[in-house]
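Next up: the structures, one after another.
Across the two complexes that follow, subunit A remains constant while its partner is subunit B and subsequently subunit C.
Let's look at the complex of A and B:
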C-alpha cells in the first residue's frame, strides 16, 4: 500500500513540471500552428541561465523565474517575428506551413544546442537547492520537488486565468478557434500569434528554471523534454490548459508506475504510450 | 514505351554526363589515396540515404523521420549476419529486414497525416533504440557488438552501385503510372483516393521500397564501423541529415538529393573533427535559410536562373519539373 501511495506522490510531484512544459508547447502548436521541436532547447537554455545566475551571482532560483522568464519571452518573440512569421508569409497553405515550420524548428534545435554546447561545454552541471527531506506521513521526498510542483501549478493556474479573463487572453483564444472570424472582429492575428509563441517560450523558461532546482543539467537534455511536452499536449488535447495539467499528472503517475516495475524501459514506455495515443485517440482527453 | 524512349532521347546530355561521372567514380580507387576513397564512400552513403528519403517523401509530401530506424536495422543485420553470410547476401538481408519493418510501420502509421506522421516515425526510432538497449543489457547481458571489417574499396563499389540503382529507380518510377499516383497523393490525397488510386497501398509500398534501399546502405556501410550498439546504429542524426540534405539540394529531380548530400557530407568531413559545434550550427542555419529562401533547393535555384537566362522560354515546362 505504501509503495502504491509512493508511486502516486512521486507521480504527482513530476506532474507539475510536465504540465508547464506542455502548456508552453500547446500555445505554440495549438494556436500558432508551430510544432516547436526546439521547445526543449528553450527549456535547456533557461535551466543553464538559472544555473549561471545562481552559482555566479548567488541569486535565489525562485527569483530567477522573474529574470529568466522574460529573457525567454523576448527570445521567443524574436524567433517568431524574424523566422516563423516570414515563413508563414512565404508558405501557400497552412498544411505546408506546419511541415516547414517543424523542419525549421529542427534547424533551430541544432543551432541552439550547438551554441549552448560551445558556450557551456559538455559537462553535467547542477546546484543544490532545498535538497533536504520532507515527510508526508511515511513518504519521504526532497523539499525542492514540492516547491517545483506547487510553483508549476500556480503558474498554470495564473496562465489559465489570463487566457479566460483578460481581453488579450480572449483574443488569443479567438485566434486559435477561428483566425478569420477573429481578424474580422478586429483582432490583430499576427500580433496574437507572435505573442502566443513568446508566451510558449516564457513557459519553457519557467519550466527550465524549475527543472534546474532538482535535476542535473547538460546541453543535450532538450529533446527528452520536447518529447514529454508533445506527449502531454496530445494526451490532454491540443490547446487545452486544464488538459495539459491533467495530462501532466497522468504522465507523472504513468512514469511512477513504469519506473517502479522496470526502470530501464521508462523512456520506451513513453514512446509506446505516445504512439498508441496518436493511433487511437489523437484528439486527447480534452480535445475538441 | 515510345513515351519512354522519347524521354530518354530528350535527356541524352544528362545521361551522357551521368555515365561519364559514373565512370570517373568507378575509376577513383585505382589512382587516388585511400583517404579519398573513404571520403567519397561517406558522400555516397549520404547520397544513398537522401535519395531513398526523397523517393518516398519527395512526391508524397509525407515527412518521414524514420530513416535512422531502417538504417539501424541494416547495421544490426550486418553485425549479426556479417560473419556467416557473404557480403551480397548479407546486404540483401539488411534491405529485406528494413523492407519488412517499413511494411509494419507503414501499415499502422500512414493513416496519420501531416506532422503527426513525422513525429510518429521519429518516436518509432527512439522506441526501437530504447527497447533494443534494454534487451541487450538485461537479457543478453552485453552492450553492442563488433562488425566484420570489409575493405573500403569493396564497400565503396557496393555503395556506388546502390546509388546508381536508386537514381535509376527514382527516374523511372517517377515516369510510371505508379509515380503519377504518388505525386497525386502529394497534391491532394482525397482526390487521389476518389479517382481510384489505392492510396494506402501505394504509400506503404513506396515507403517500404525506400526503406529497402536504406537497409542496403546500412548493412553495407556498417562494415566500416568496427563496433556498434543501439545508440550508434539508431542515431537520430541519420533521420535529420538526409531530410535536410534533400531539402537543401531540392527534391525536384534525381540530382538534387545527390548535390545536397555531397555538399553537406563534404562540409561534415572537413569540419566535424576540428570544429564539431560549428558544423552543427552551420547545418542548422542552412536548414533554416533553405526553408525560408530556397523552398525548391539548389536545383530550384538553378532552374530559376536557367529560366531567366533563357528569357522565359520553356519556363512552364521547367517549373513543372521543379515542382
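Let's look at the complex of A and C:
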C-alpha cells in the first residue's frame, strides 16, 4: 500500500514536470510548427537562473517562478521574433520550414549550451531546498517533492483553464487545428505564433525552476528533457495540447512504476515505450 | 459594395486568375459559377487575403483592401464560408461559434449573436457541447454557416455551400441564403450547382479557366446559349 502511494507520488512528481515540459514543446510544435530541439536548453537556463537567484540573493525558489518564468517568456518572444519569424519569411513552403526550423533549433541548442557553459562552467551545481520530511498520516514525503508536485499540478490546471476559458486560449487551440480558418475568424496568426512560442518558453521556465528544487544541475542537462518532451508529445498525439498534459502524467506514472521495480532501467523503458508507440499507436492518445 | 478590378493571381509560376473584374452591390446575391478548377476558390481567397494577388485591386465599401491579411479583412465586415466549412474539429459547436465572434467588436456582443444564430439554427443550441468532428455533413454545414454570422458581417462569401449535401438540404440552404439577404446580408456565392444558384441570385458571373467570360442578370444567363450548353446540359 505504502509502496503504491510512493509510486503514485513519484509518478505525479515527474509527471507534473513532464506535462509542463511537453505542453511547452507542443505549444511550439503544434501551433508554430517549430520542433524546438533547444527546448531543454531553455529549461537548463531557467534552472541555472533559479540557482543563481537563490544562492546569491537568497530568493525563495517558489518566488523564482514569478521571476524566471517571465524572463524565459521574453527570451522565447525574442527568439521567435528575430530567428524563426525571419526564417519563416525566407522559407515560404510549410514543409521546408518545418525542416529548416528544426535545424535552426539545433543551432540554437549549441549556442545556448556553449554560452551557458562559458558563464556557469562545467561543474555540477545545486542547492538545498526544503530537504526534510513531512508526514501525511503514516506516509513520509520529501517536502520539496511535495511542493514541486503541487505546484506542477496547479500550473497545468491554470494553463488548462487559460486554454479552454479565455478568448486568447480558444484562439490558440483554433490556430493549432486550422491556422487558415483561425485567420478567417480574425486571429492574427503571426502574433499568435510568437505568443505560442513564448508561452512554450514560459513552460520551460517553470519546469527549470521546479527541477532545480530537487535535482543537481549541469549545463548539459537539457537534451534529456527535450527527448522526454518529445516522447510525451508522441504519447499524447503530436501537437495536441491536452494530449501533452495527460501524456505527461501517464509517462510520470510509468516512471514511478518502472523506477519502483528497477531504477536502472527507466531510460531503456522510455525508449522502448517510444518505439512501441511509433509502431502501434503513432497518432498518440489524442491524435487525429 | 465590393469591387474587384483586373485581378491577377499566380500559384508559383502558374497564373490562375487573369484580369478578373467583378462587382457586388449592397443587398445583392451574386453567384460566381464555373467548372471545377476554374479559379472560383482562388478568387474568394484573394478577396479575403488568404492568397496575395500579383496585381489588380480589391475595394470594399470604398476602402482598398488589396493584400490585407485575413484577420484585417474580417474586421471590416467580410465573413467567409470556406470550401468544406473548415470547422475546428476538436472544439465544440459553442466554441466554434465563439471563434466566429473572435474580433474585438463582436466578442463583446457574442451572447446576443449566439442567441440570433440559435434562433436560426435551433439544433446548434441543443447540441452546443458536441465536438464539431462528430457532426454529420449537413450539421457541419449548418455550423459553418452559423459561424459566418457570428461576426455580424455586411458581406458573406460562400464557397460551395451545397457541396456534398443531399438535394433537399441544398434547397433549404439556398432558401436560408435568401432569408439572410432579406435580413441585410450581401452575398457572393461560389457554386458548381449552376442552375439552383442562378435561380436564387440577382446576377452572376461565369468564370472559365481563370477569366470572367460572361456576366449579367441571371435571367439573361439562364437564356444564354453558352451557359445553357456548358453548365445546364441543355
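Points worth noting:
One rule holds for everything that comes next: the second predicted complex is superposed on the first by the 274 of 288 C-alpha atoms of A that agree within 3 Å, B and C clash if a C-alpha of one lies under 4 Å from a C-alpha of the other, contacts with A are read in each partner's own complex, and residues count from 1 in each chain.
To be clear about the criterion, a residue touches a chain if its C-beta (ideal position, glycine included) is under 8 Å from a C-beta of that chain, and two chains touch if they have at least 3 such contacts.
It should be emphasised that the depicted structure is a prediction, and the values quoted were computed from it without experimental measurement.
In the three-chain model built by superposing on subunit A, subunit B fits alongside subunit C with no clash. Once the two complexes are laid over each other on the shared chain, residue contacts for A:8 go to neither subunit B nor subunit C.
In the superposed model, A:125 makes contact with neither subunit B nor subunit C. Measuring from the middle, so to speak, at the Cα centre of subunit A, the directions to subunit B and subunit C differ by 90 degrees in steps of 10.
By the document's definition of touching, neither partner reaches A:277: not subunit B, not subunit C. When the two complexes are overlaid on their common chain A, residue A:62 makes contact with neither subunit B nor subunit C. By the touch criterion defined above, A:113 lies against subunit B but remains apart from subunit C after alignment on the C-alpha atoms of chain A. Between subunit B and subunit C, B contacts the larger number of subunit A residues. Look at A:183: by the touch rule set out above, it reaches subunit C but stays clear of subunit B. Contact with subunit C, but none with subunit B, is seen for A:174 once the two complexes are overlaid on the shared chain. Smallest inter-chain Cα distance, subunit B versus subunit C, after superposition on the shared chain: 15 Å. Shared contact residues of subunit A with subunit B and subunit C: none.
Every residue of subunit A that touches subunit B in the complex is listed here, in rising order: 35, 83, 86-87, 90, 95, 98-100, 102-104, 106-115, 117-118, 223, 227, 230, 262, 264-265, 267-268, 271-272, 274-275, 278-279, 282. Note for the complex: subunit B touches subunit A at residues 61, 63, 108-109, 112, 114-116, 118-120, 123-124, 126-127, 130-131, 133-134, 137-138, 236, 240, 243-244, 247, 277-281, 283-288, 291-292, 295. For subunit C in complex with subunit A, the residues that touch the partner chain are 48-50, 69-71, 74-75, 80, 82, 86-91, 95, 98-100, 102-103, 107, 147, 151. Partner subunit C is touched in their complex by these residues of subunit A: 167, 170-171, 173-174, 177-178, 180-189, 240, 288.
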